[in-house]
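Sharing a structure here in structure tokens format.
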């Protein structure tokens, strides 16, 4: 029983390089996700929908069946994911149940079952199935890096968002005061004026609603200029966030490197550890080599004794004694 | 008297972790600020306004009363904020009165009292109450970081703004010369043409006013391309500003770290100092650990004596003598 | 034969500084590329096309002839490009044939010959000739740097693109659900709603199609705000990518520098090697000088002996013994 | 004669801190420039122009007179700007004549004199007077920093611009092929389609011209997504450029710092040199202090002798001998 569960957990996990079963399951699930997204999109085209109604329904049922089985298996096998986790099984399963990935999985299948029990039409909820795309993040380190940056900089993003919100309210209030007498249909209330404020402060600028009085154009121009700063804010935060991540990956590599170089002997095991870390950190080979060269250079320089003039190669230290 | 004032100053200050009274006051004031912003927005919706006129008035009076008392208490207790400030009390209060935060607080309550004494309708000034939102910056280190970046890079922003202004004038003058004969209503004067110039140079691009002659489209296209550089300017400044802040926080941490590691013994007190600084700088725990590891590695490497080959651990130094 | 081929290979390669023949060929080919692009653009202007029909045809024939000869010569001589390549000639030529540059060259001439053999009108394929512009990247290190950044960060770009795609689908689905009853012509299906979603999420914001219901405007406003993050993503990735490239160039320079300074004697040969590397890396002269100064400073500091207090200049080391 | 010229050169130069005459001249000239810009803008408003015609003319004549005298004096005194310049005076004046600043000065006054001699109306050239604003860059280090970044990264900007140009041509050609049959008025030729391409690739997005066919919308959507990359390019270049500048300023400071700390004694003169450099580099005081602390820490660490355990303070070194 426990062995079957363990094997299933392995198969459901991505990235098992030489595990054929796991790879087949991965490819199958990804394809099914993509086909489902395509299905949701195409179903909205009425000609297509009426032409293939039966086929679409069967595909729907098949997908939900597969995803439901997958979901249940993941809940069941999640206790084998972390061997060091000593909590009771039900607590591990509960924790997994509330993890974002599992919730997305649930949201992808729930609307179908809800539509069986509730008479009101919840068909539009099926669009949430698109969130299955996020399952793919399991397969991409670059996407995880981006999500990491968003997560680490979330305080800054929240702060930037509240500044945007403040400015939105000020912009909407200002344009409402100036324009609501002249254009009562477009700027009749602050919530209504918000549509213009959002289009302007994000530099989208639809132009379906614009101020027409001189005062409104002057105020609108001011908001237009402030919008440059607003757009710059998330970009600046992200750019800095990416820099920090890159820097940190180099530092991690450097720490291991220093550790390895300390005893003066670089064993084959240590070299392969370094290579594994390099790949894990998604560090460019050229980058890594340069870090090694710079580090080695420093090391040898430090061992270049100013008193005897000899260069102490790490491996020669024992002979010196 | 002075003890009451001191206690009140403590309560009104945010961030007193184990001070229940202070926390309740904080939550109450923040909620009231948010409700007031909501009030200003909803009052502009005429159906809502006429339906709840009396309630809104009473909420208005209540809010102003609370904020007025808060404002007066802050002015009174501000002399206890900095124990090292030896200036006479009236000068400290005057300085606090003209601080940006105190001015925003004043602007939030003043329009109400003005409307009591002056007969002309200053109701629109009530929208300034929205600025109370900025009080919240007291509660967010991330927002203070963003404001810091804006403040430190203000020279660059002013320079970027004057370049934008120059380009605005050139763009408006150019399009005026080319288009004012064909579209006298839209480009009748340079100030009028400024509306198009602002929408274009900030890449908002409403499209309510666009050049129609070939010459105008050619010139407009040029401005369009220049706009990419204009939008890039504040973003580049901000991105670099965030990098500098991050770098500086790491350096601050490194300075304390070096100081601590110098004598070779890291006491428990020093470790907790480090942790306090880390939280103050909003440094990621992982980040901090890496800085420590890198620093320690360097330290030990330096103590790796080239003469005897032994590694001198900091704590063993006294034995060596 | 082989000597002629070698000489031709040299002539066709860019950047042979003192090779007059090569330079003339370069200038001629670049001019012809530019004239061809201009030709494609001007041919679309019907007055111009009818006025100069014969001339344009002859120019067309002449250009194709030149580019065909150039293409064949490049295929023939490509085996001399890399003297260390020991693969048989046909394999080298095959590899060159499928290189992006060679494919662009082929795409630029193929449509003309196809139009001779196939009766259907493939004239519109001539527009692909514009891709000849990319040949110019051979002449610009700055453009190669930009392409490098794009290539190295391609994983991040793919990840950012899939996030954009996900959001596009969610935005289009959402607005379709909300607006397709009210505006069946604009938001009649998800693929149709995609046009609005793309214009909004990229902050282009044409405004030809906009939501008109309150719900649609609320959802549209949300998407509008998310668009700021979407636009920030590629910018942040690129900004960080450029930083990494700059940092790496400095590191490369530092590695050579350390190597040179290690033995304490900087020969004239080493100085000129350094200068060659500096130009290759497109490093500012000021930048390079600072790197040297910083490096030297460090070196001398290390040689400042704490035991005797004397400063050991590299060249004096041998005398000390 | 030469003394008068020298004094005049001093007066015309900005930034002479304790030179009252120079400061008065600066303020006067800056005010006049601003008033002239305002004059050009206001003259375009027809009501204003007709109301103050005479006054505007006299102001015009007065300004041109002042700027002409200033221009001639600058040409005359420029030989005193650089005492080390040994070229003959006429060559120095010629070089100054062709410097960008001098050309802008000339362009600002030339149109007026031209209108006296040539009968055709060159009044529109007066708008060039706005370029006088760029004179102000003499007074702002932040603006000079920005211009520096633009100058140093100009190769990257040119490369980015040629990529934009290539994409513009491809986008315009593509949309022309797809849409010119359906919308012959908007997309009748590639140059005409360029207007849409420019508005789209720069994310301005006027929306006055948009594709209406399904194919056109698909292609337009692709261009829309590519536009995000195009907008990211100059921003990324600028962000990296600002980082480099900041880094370089720190390095410059570090070089002087290391030089000063080398001999172990920091004289008062050296401290004030450091302060002068800090201000010149526009380095934050906090930043500078941290650089000093980090540098000192390193220095002392190096002098912390591992054999005797004593910390060798720089000033105690002589006693040790």
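Order as written gives the chain letters A, B, C and D; numbering starts at 1 within each chain.
The rule we apply is simple: contacts are C-beta pairs under 8 Å (C-beta built on N, C-alpha and C of every residue); 3 or more make two chains touch, one makes a residue touch a chain.
Computed from a predicted model, the values in this text were never measured in an experiment.
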item	value
Result of counting contacting C-beta pairs for A-B and A-D, higher pair	A-B
Distance-maximising chain from chain C - centres being C-alpha averages	B
Inter-copy rotation, chain C to chain D, in degrees (Cα atoms; steps of 5)	90
Numbering shared by both copies at the chain D-chain B contact, with half separating same from different	different
Approximate Å spacing (C-alpha centroids) for the pair chain A, chain B	27
Separation of mean Cα positions, chain D and chain A [Å, integer]	38
Shared interface positions of chain D, touching two or more other chains	203-207, 231, 235-237, 239, 243, 302, 307
Overall pattern in which the protein chains touch one another (line/ring/star/complete/other)	complete
Complex contacts: residues of chain C adjacent to chain D	37, 40-41, 44-46, 124, 127, 130-131, 133-134, 136, 140-143, 145-146, 149, 157, 161, 164, 194-195, 198-199, 202-208, 230-231, 234-235, 237-239, 241-243, 246, 282, 284, 286-287, 290, 293-294, 297-298, 300-302, 304, 306-307, 309
Chain C-touching residues of chain D, taken from the complex the two chains share	152, 155-156, 158-160, 162-163, 165-166, 169-170, 172-174, 176-177, 180, 188-191, 200, 203-207, 210, 217, 220-221, 224-225, 227-229, 231-233, 235-237, 239-240, 243-244, 248, 251-252, 254-255, 258-259, 262, 299, 302-303, 305, 307, 312, 317, 320-321
Interfacial residue positions of chain C with respect to chain B in the complex	203-207, 235-236, 239
